[in-house]
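Listed after this line are the structures, all set down as structure tokens.
In the two complexes below, chain A is the common chain; its partner is chain B in one and chain C in the other.
Presenting the complex of A and B:
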């Protein structure tokens, strides 16, 4: 028995070591850091829950925090309501037996996902710019010019616009995952349903959809984790201030400002660690909730 | 209840002609088996009737109505797939009810019909289970139940038993026969297993290379195969098919030259088709040979292989450079290398002309004639 166990540890050691050094230790250390305070000379001293009290109690901290958290949920909601349904729709269209040019569509729709977020942000900023962007001209050409607005510059629409840019970039991922799941549904099943008298609509919703549900759930939780870790697009388009008036501020950009500081405020590693810990907790709660409440009830069917 | 007519049905996938003009007439309530080797087009033909593939040319009539352009659900058919194709996320009950619920039948009626089908198939205690919790035979019964509840005019079976083990297959064969007796619906059954076809079907359709080879009752196919392909395909062990020549033809019959075979003149109804010198193929079923002697036809050779099955022994006999198969008494002590003489009734032979078409046999026993009519 002893010999058995020792060789198990030897085989596990490299992965455990690397994972511990680069994942577990930094995570625990940043949680530890959130319980410290930094004096003006840079010395750290243990301060208990002071940072958390400040984050939730001091309006200077709590208002941007709640703003960022709520914005982040809006950002996530846009992805769930737009990205994943469109991904499902595209996957369903791609799996139509009579579609020609399937490969080209697949590649073209997936292409933006492979581009750098910074480039995507920059391109869309140029396209939508009211000064030199092509969006307004294009909209006038099709008679919709009256509806043009400087969407990225308006407090009410900036976050939605950024969400849609992100959706545009990443819609290929749910599409590919769901498309792969749809291909796995045996043709016999659809033919049996066809013979049973079902139309294409009910075949999709009553046969295929329940069978790909586990994949859709997985896509949703991946979207959740990615959205709550998002930062780069906001930074590329809006910079650290996540304007206008912090209306596009999400947890990632709020953390960045807190940790590294910006024009109006010095950076604080300890407060940054506190915000990072909160991000970790939000994602943890979300993923745990998914694992305990949703994934357990989903059955994967062997097809 | 429905009759089905196929009128010069053709099917091409791109440049490949899979079916090259098929004519079949299926009467109401008949059990018809499509047999043939893989790739002969039998499954494609079934899918054409089901409406899962489009018909390239020709007409499909069900109950005198042209069905070519109708969707599967408008054709009044039900199909049982080789893979069963049960919906894995639905219970047995829901699997069977799916077709009716899509058709928006009311709940009470659905329940009644599902329960009725479950009773016929002895599935009542499994209604709440999921397909993955069932054995192969039970899944097969659910697949059949799903067909029954819709009360279709025509049942289509696509190799329904080929995923089952041998014992279960024999049981299901009996159940299918019983089902056909109870429901009296028209059934079409695709199989590559000639035993299934012979035992179940009222009528067998033999397909090869996209063409119809023969349509007939099981005994007709066995005793009067229309051509070399059917002769070789139906019957196990396979019929001996040996090439030879016609030497003479007169009132006493045709005299043949078959190496190492002693055979007097033989008579066929359309013997006048043959002329002396014509190439022919002679066919004898292995079980028309006997080791008991006393028959006019004789074959001698050395034993190449003896497969003892208990009730009979299948021997391969090498005569010259021809190898014959014969079934002899199970207790015959013959060994490899032994010389053996087997005899046969000259009237039991089959004869095929140079194009492989069979000559019409005389003297089929009255019993067979009764069955053939």
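Presenting the complex of A and C:
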């Protein structure tokens, strides 16, 4: 019995050690840092909840915080409403039995996911640029030129545009995960359904969809975590100020501006740690809610 | 306030889609001859010397009638020696050279658009840089408003200036509101004469 236990520890040790050193310790340390205050000379002193009181009580901090949080939920909503349904659709099309060129489609759609975000941001800025971009010309060609606007520069549309760029880049991930789940659906089931007279449409919704539901739930929670940690695309396209008028500011960019500063704004490690802790809490609440409320109720079928 | 009101009128003179335009976009528009006036400082001289195939000049701020003209100068930069250094003599030699006419000449001519901190008269080979320097004779010198002390508090004056200026040019904020926001932000933590 003791032998068995030592085996467990040996196998767990690498993961536990690396995870503790590189994930858990920094996380706990940044939570600790958020309870400190920094003087002008850089000395840290314990300050209790001062940073949290400032973050929620001082309009200079609370307004950008709520703005960033709400923008982040919009960013997430765009991904849930656009990215995951399109991913599901693409996966369903890819898994159709009589599709030629499946491999090429799969690779092409997955390609943007493997590109650097900086490149994605740069390319889309050029495409949409009112000065040099091809978007305006293309829209005139199909008679929609009047609808063209400098989307990335308008307060109302900048965040949506950025979300769609992000969707375009990452749609490959839900597609691949759902596609893999669809491949696992045994052919006996679909064949039996075909013989019983079901069409492709009802086979998909009545048989395949319930079977891949756990995967879709997992894709959703992955999207949630990735979106609330997102930062790179906003930074690459809009810079630290997340303009215009902070309309594209999400938690990640707000954290970056607070922690590292901007132009002449001095960065504040302690306030930055406070924002980071709030990001951690938001993600924690989201993931816990998912685990407790949704995952338990999912029916899994053993095949 | 007057500055912001002036800025609000600039929107009309900017190209289509200027709201999504970035700094390098503007530089390219100017060097391609698609922009007549480029609002910036002397630091862009080197970029335009290498990229523009036409001659360009510079003009300073145009003050209202009867008012003095000011240029924002780097009055807030200085060089010093750490008193605890082990190489006091070497540092003094280096610093005296940095303050010499020879250094001023090398610096201002090899980096057109950047000027030495010393008061030596330098013969500048770059005509546009010379135009910039000649402004010093016509205008008074002033600080860079949001640098140094005024950018140490929360809300940060520089960050607010960037945000408010953009909104004023875009027409989403009136100059009056912008001026009030900036002043209120500053008042909340900075008392003059402290």
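Assume the second predicted complex is superposed on the first by the 287 of 303 C-alpha atoms of A that agree within 3 Å, B and C clash if a C-alpha of one lies under 4 Å from a C-alpha of the other, contacts with A are read in each partner's own complex, and residues count from 1 in each chain.
Everything below uses one rule, namely that a residue touches a chain if its C-beta (ideal position, glycine included) is under 8 Å from a C-beta of that chain, and two chains touch if they have at least 3 such contacts.
A quick note: this is a predicted structure, and the numbers were derived from the prediction, not measured.
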Chain B versus chain C as contact partner of A:293, first or second or both or neither: neither
Residue contacts on chain A - larger count, chain B or chain C: C
Contacts of A:114 with chain B and chain C, given as first, second, both or neither: neither
Contacts of A:150 with chain B and chain C, given as first, second, both or neither: second
First, second, both or neither for A:131, with chain B first and chain C second: second
Partner chain in contact with A:142 - chain B first, chain C second, else both or neither: neither
Partner chain(s) touched by A:264 [first = chain B, second = chain C, both, neither]: second
Partner chain C, residues of chain A touching it in the complex: 58, 60-61, 125, 128-132, 149-155, 241, 243-246, 257, 262-266
For the chain A and chain B complex, residues of the former touching the latter: 186, 188-189, 191-199, 202, 206-207, 210-211, 299, 301-303
Touching residues on chain B, where the partner in the complex is chain A: 50-52, 71-73, 77-79, 81, 83, 85-89, 98-99, 102-103, 132, 146, 150
Complex contact set, residues of chain C against chain A: 15-22, 25, 28-29, 146-147, 151-152, 154-159, 162-163, 166-167, 170, 172, 185, 188
